[in-house]
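The data blocks that follow each hold one structure.
Both of the next two complexes hold subunit A, though its partner changes from subunit B to subunit C.
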Partner chain A sequence: MFIQQIKKSLAIFAFLTLAITGAFAQSSEVNLGMVLEPPHLDPTAGAAAAIDEIVYANIFEGLTRIDENGAVLSSLASSWDISNDNLNYTFYLRDNVTFHDGTKFDAKDVVFSFERAMADDSVNAQKGIFAVIEEVRAIDAKTLAIQLKRPAGDFLFNIGRGDAIIVSRNNFENNKTHPIGTGPFKFISWNKGSRVVLEAYENYTGEPVSLKKAVFTFISDPNTAIAAMLAGDIDGFPIFPAPEAMDVFANDNRFNVIIGTTEGETILATNNKRAPFDNLLVRQAIAHTIDRKAIIDGAMFGYGTPIGSHFAPHNPYYVDKVNTYPLDLEKAKVLLAEAGYPEGFKATLKLPPPSYARRGGQIIASQLRQVGIELELINIEWAQWLEEVFSKKDYDLSIVSHVEPFDIGIYANPDYYFQFDNEDFRAIMSQLGNTTDDGGRRALSYYAQDFLARHAVNGYLFQLAKTGVYNADLQGMWANAPIEGNDLSQMKWTK
Partner chain B sequence: MSKIEKRENIFKKAWGHLSLRIGLIGSIIFALLAIISIFWTPHDITLLNISNRFLGPSSTHWLGTDFFGRDMLSMLMSGALTSFIVALIAVSIGLLIGTPLGLLAASYGGIFEWLVLKGNDFLFAFPAIISAIIITAIFGPSAINAIIAIGIFNIPVFARVSRGGALSIISNDYIAAARLSGRNNFNIAFVHILPNIASLLIVQSSVQLSLGILAEAGLSYVGLGTQPPATSLGLMLKESQSLFLLHPMLAILPGLTIIAIVLFLNLAGDGLRDALDPRLAKQGALDSAG
Partner chain C sequence: MAGFLFRRVFGFALTLFIAALAIFLLLDILPGDPARFILGINASPESVNALREQMGLNLPIWQRFFSWIGGVMVGDFGISHSQATPVLELIKERLVVSFPLAIFAMIISIMLGLPIGIFAARRRGKISDSLFMTLAQIGVAIPSFWFGMLLVLLFSVKLGWLPTGGFISWQDDFFAGLKSLILPSFALALPQAAILARVMRTALVDVSSADYIRTAQAKGLTKGQAILRHGVQNAMLPVLTILGLQFAFLIAGTIIIENVFYLPGLGKLIFTAISERDLILVRGALIVLIMAVTFTMLITDLLYALIDPRLRSRTRQ
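Up next, the complex of A and B:
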């Protein structure tokens, strides 16, 4: 009898301990799902968004930091001065910052990081960020001077991106497998094919963070993602892979659905040097045939914003060009006849794996068939897409989302895979690069958007939405994705 | 009793078999629906009408519409057609290659028989679906590669069945007589043995047909079979899986169709076996071959 009682109380004790530690674990640990696993973890040596989605603002910090609305905040630089000619920047660095290996951070690390990114043999994916820099100089350990070649209005934003983070000048070789940064979280482990684990860095001197541990789990299959969310194995998916299932979570008060914007302009990429797409009339006819609402509803289940040019609607310089070529099948047929294709023509549409492309492709093929354009759908993997479409430009049409912020400049490159070769547009872009005043940049941005819309360089479909699903008790997630990243510093459990 | 009368008798007897009757009628209905879809479907499934998506059953859309606004009945008809074609061609591959191999193995014997048997063992050692995944992974996912993958797996099945059938009659006197009259092994295999094991092959074909439909559904479900915009029953299941919690009918309908077709084909196969192979019927041996 007595022994039984002891057993009983032991069981209760064990249960309570478990319950308490369980609750405690939940209040400081977060498990986030990601669709793609990064190839490595060094954001200064790769373009993959998945790298930044783990390390940005968590492991690595830059001089500045971007918030969820795209505003520039202080980070390793606590403040800065800008000269009147907009050419000389002086950054005042934060005190008592150490890298995760224990060494001290100072201005020389910034000089090293920038010079490494600017070097001829640099493998940085966004070397353009550093192209405007004339010189980076450490004035003393806590003060840094950067001189620009020409004024650049987006310089402070650009150095807040993941490609411009600061690495340790003494310990940077192993960043691909064991990243060492200054951020609030340090790298613990990476089980390839499964997860990356981060823990709070105990000597972090910036704004304190609430989480003690963060796990990024890689789940690419939409059905597994749905099951993992419903079972509570995953606390959140910043970008949920199955837009068709969002209503499951929206209707369930255990979950919080956060819909925001991304920098992803989803386009019907068009090979402007291949007949018949080299003919403006043909491209205009396609533009008149595309029904954006049907594509957003059918491919993204309603998540997405129609766009009429290569520009994000949440950008302050955005101008609505959706109605440049309104839906008008009769007009499209007339244009095709004028271009010499009264019966339409046949072409191929190469589709990468994301569902916006695969589903969107079927919808666009159905829409273009109405004016006689017969598309053959070819499903390809990402590696094939990069090889055939992006590098070799061996394609007629494709569907893809361009996720870099403010990337309208790609149209000034005649070798880019759209092969849009236009002297006038290059002139607009170089003028934009040299303009720093807000009014001038706005006017040029408006003009550039209108120019692309009128030339119907690509079929402009929609701005990709950020479809986040989280446990309802989790707070502090980014609703929007102005740059790639999952900033953990504000995240916390309310229960 | 004349030959014709005897044959009529078999059909009469077979028709009296309940499971054969149900199986045949059911299979024919689905096969007809599939064939009709070549010429006509209630709605054009190549024209997507997004604003009509997720409609419930109505007088215009008897079974509702899917996530692209396509008519579900039309989709099921076209999907069943793809599934039938894949399974039929795959069974034909097995029948046309496997049967001669099995017959010749039985009549020639020796090293040739040994080679065929070992080849069979080799193919049987791989689970069919795994090998099909290997084939489609190497040559890319498509309906044609699915056909080849499933077809290859039908070869040893038919080789084994026809060799077994041949061995059971090869010791008969009329085979010896044929041999004495100077017929060679090849001639004996195709002229004297093949007609006598036809019933075995017909039964096996109906079973393999239903397995083929299941295999096509399985391959398409894991993304290695039919590719959009073409459709098949397995592909419809795959595409509706992530919608299952919100729109379960999109998955239930193709799932039920697969079950019904496979069930009817199996019933027909069992019935055919009972009718065509009197020995089995007498012994009441009704194991479901597979």
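Up next, the complex of A and C:
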């Protein structure tokens, strides 16, 4: 931590002392920076976001795809019909689609891909999204029928996610190291530890793309990332690792800073089964003490949107619950006294590596100290977090961003690490799962958000922002990240 | 000489064994279950346990240690959990970056450090001596990653001569690969060159008042000639010790430098493997590093004996 701070101040000093100039070369090639390298490149066999950030919509396509605002678009399925009971879907597949190995794509590949994801030995990280499927059947080479067990309002969205992409039934074993898909870009090479190279697929029959080549370079050090952008070695960082550096780029007309939203609800995760957090009064007191703006300004340099429940503000069903327990220290002290802690208490706060957690933790600790809650900050790595906090539930408080889209359902699982065990909430969620009409889903979503806010299950802090930095001449990037991915298909150089 | 050799080689083997044991134990008590890390937060306890069983994590610790060390001795380092590739293959892939990097840095630090040390010693007390030694003092104090960033800002961002980092593989473009190692090797080498210069200067200053230098001068050599012909060889002894140690520092330094310059080297591999709890990969990579360092020490010891005949004769008695 200390060394990082020294590094940071030295870096800032360096930028102040050296004036910056640079030249850019333009072409049909783009070089994007990523902080993390994926463990492999098969999105149907891993949860790592970095996999989808390279392959989604570029190498692999699904029946549908998601656009930057979370809307469902056609992809391998050019159109579809839905029966009146919302149980039977008929998909009409795009013409003349081939895999990158030259073989033809047809409905049997879809059947194979879905059955593989649903199988008992499936290693799909989001196996749950296939649970509603009763049967997948190829009617002919270009027509596909899917029957559901029950109506599912989010089905078309879910099959547009990276975990539901279609693989070749004849050539799928090597997707981890040499992915073969139907997308506009084909895999060329992967220098481990360094970069992945894609090139435009010459036989692609969907919307034509402008780029000929795309390189994803892995740069984990934020200071190096700044230098690589300034030198023009990297054309863009879809998620720039250092929000504190955004001003450097925002004030420089060679760069385009794009701030959007993600699906990451950042929360003060609370162990609802451990005293004193099993007491609603204590959780309410904490909610009254948290100053979201101070946390967003201090930890994220102003990038982030306050949230009052476990729901993304850009979601059409979002309702603002930020003021359920407004900032009120006196009220918090009264609530703590009522709960039997007039002098406050001591607790631990376990912090995983991301800066939202480490920096946010310090700010929250100082805020809670105002009402007598003394937090001991414990820095841990992700592997430790998974073991201690997530698996063993050995924690009081933690700070984590939950990045799955529409993941409010985790509160219906009493064994989930928040340990929120509430019969009423489980009923709301099961009702939501069976509702497909828009009005009904909206009303239930509103109710669920309000429920979680009132029960102050966790401290709801802010929605993680997507802080992208690009060369000013590059266009067609996603501002938001409704799902993980860096869709290259619309990207192009204007000069 | 044979006894000397035997003792050194035995010490080498013993060091390796103790180091291997330490690595194994330390990594074993590290919190964080590798199986849970691989399967993520949605996996069931049953499948996590099945994977633990598959990975052999449920066996007793001594059994795991001996099966690992037994494998290492015959060149079988096991299979990386996270990348599903043999560990040795991954290490080899990365060594082609890290090893040249450390060697280049070594060469640069010798080519800069020694001449500056000799120069400063000959100008002892003059302004140029103080100037170089002040620079060396600063060089010692500057951490290599910070110096690396300064180099990047000047040569990549401002002048645009060299890439900010990354690595083009040797097969793809040999000269581009070479080019991408220039800045990192300099960043790694400069602090070491500064140390070397100071050691060289001190050693030379020490020997320059020795009797044999005065004798050489009496026989008609100038002071400078005497130092170059007789002094430097004697001054090499402490310098060589430092060089041996420095190689270890260089190898350790690559971990930080490779992150700053996003080079796909061994250091980066270890860094990622630790955070992903790919223990078998961490162990394999660390043991290779330790072998490299202890082997360098061994070579240094043997060179020592070559330069200093007294060492050889002493062991003969």
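One rule holds for everything that comes next: the second predicted complex is superposed on the first by the 470 of 495 C-alpha atoms of A that agree within 3 Å, B and C clash if a C-alpha of one lies under 4 Å from a C-alpha of the other, contacts with A are read in each partner's own complex, and residues count from 1 in each chain.
FYI, a contact is a pair of C-beta atoms (placed from the backbone, for glycine too) under 8 Å apart; a residue touches a chain by one contact, two chains touch by 3 or more.
Since we're looking at a predicted model, the values are computed, not measured.
Asks: Identify the partner contact of A:Val257: answer first if only subunit B is touched, second if only subunit C is, both if each is, neither if none is.
Replies: After superposing on A, A:Val257 lies clear of both subunit B and subunit C.
Asks: A:Ala365 in the overlay: touching subunit B, subunit C, both, or neither? Say first, second, both or neither.
Replies: In the superposition, A:Ala365 contacts subunit B only.
Asks: Just checking: does A:His40 make contact with subunit B only, subunit C only, both, or neither of them? Give me first, second, both or neither.
Replies: It touches subunit C, and subunit B stays clear.
Asks: For the overlaid complexes, name the partner, subunit B or subunit C, with more touching residues on subunit A.
Replies: Of subunit B and subunit C, the partner in contact with more residues of subunit A is C.
Asks: Have a look at where A:Ala242 lands relative to subunit B and subunit C in the superposition and call it first, second, both or neither.
Replies: First partner only.
Asks: So in the superposed three-chain picture, is A:Ala125 touching just subunit B, just subunit C, both, or none of them (first/second/both/neither)?
Replies: After superposition on chain A, A:Ala125 lies in contact with subunit C alone.
Asks: Would you sort A:Phe390 into first (subunit B), second (subunit C), both or neither based on which partner it touches?
Replies: second
Asks: If you stack the two complexes on chain A, which partner ends up touching A:Asn223: first (subunit B), second (subunit C), both, or neither?
Replies: both
Asks: Do any residues of subunit A touch both subunit B and subunit C, and if so, which are they?
Replies: On subunit A, the residues that contact subunit B in one structure and subunit C in the other are 223.
Asks: What part of subunit B is in contact with subunit A in the complex they form?
Replies: 46-48, 50-51, 53, 67-69, 227-229, 241-243, 245-246
Asks: Quick check: in the complex, which residue numbers of subunit A touch subunit B?
Replies: 222-223, 226, 242, 244-245, 247-248, 291, 293-295, 297-298, 301, 358-359, 362-363, 365-367, 369-370, 377, 379
Asks: Under the touch definition given earlier, write down the residues of subunit A that touch subunit C in their complex.
Replies: 7, 10-11, 14-15, 18-23, 37, 39-40, 46-47, 125-128, 176, 191-195, 217-221, 223-224, 227-228, 230-233, 380-384, 386-388, 390-391
Asks: Per the contact definition, I'd like the list of subunit C residues that touch subunit A in the complex.
Replies: Per the touch definition, subunit C meets subunit A at residues 31-34, 36-37, 40-42, 82-84, 90, 93-94, 145-146, 149-150, 152-154, 156-158, 160, 163-167, 169, 259-265, 268-269, 272, 275-277.
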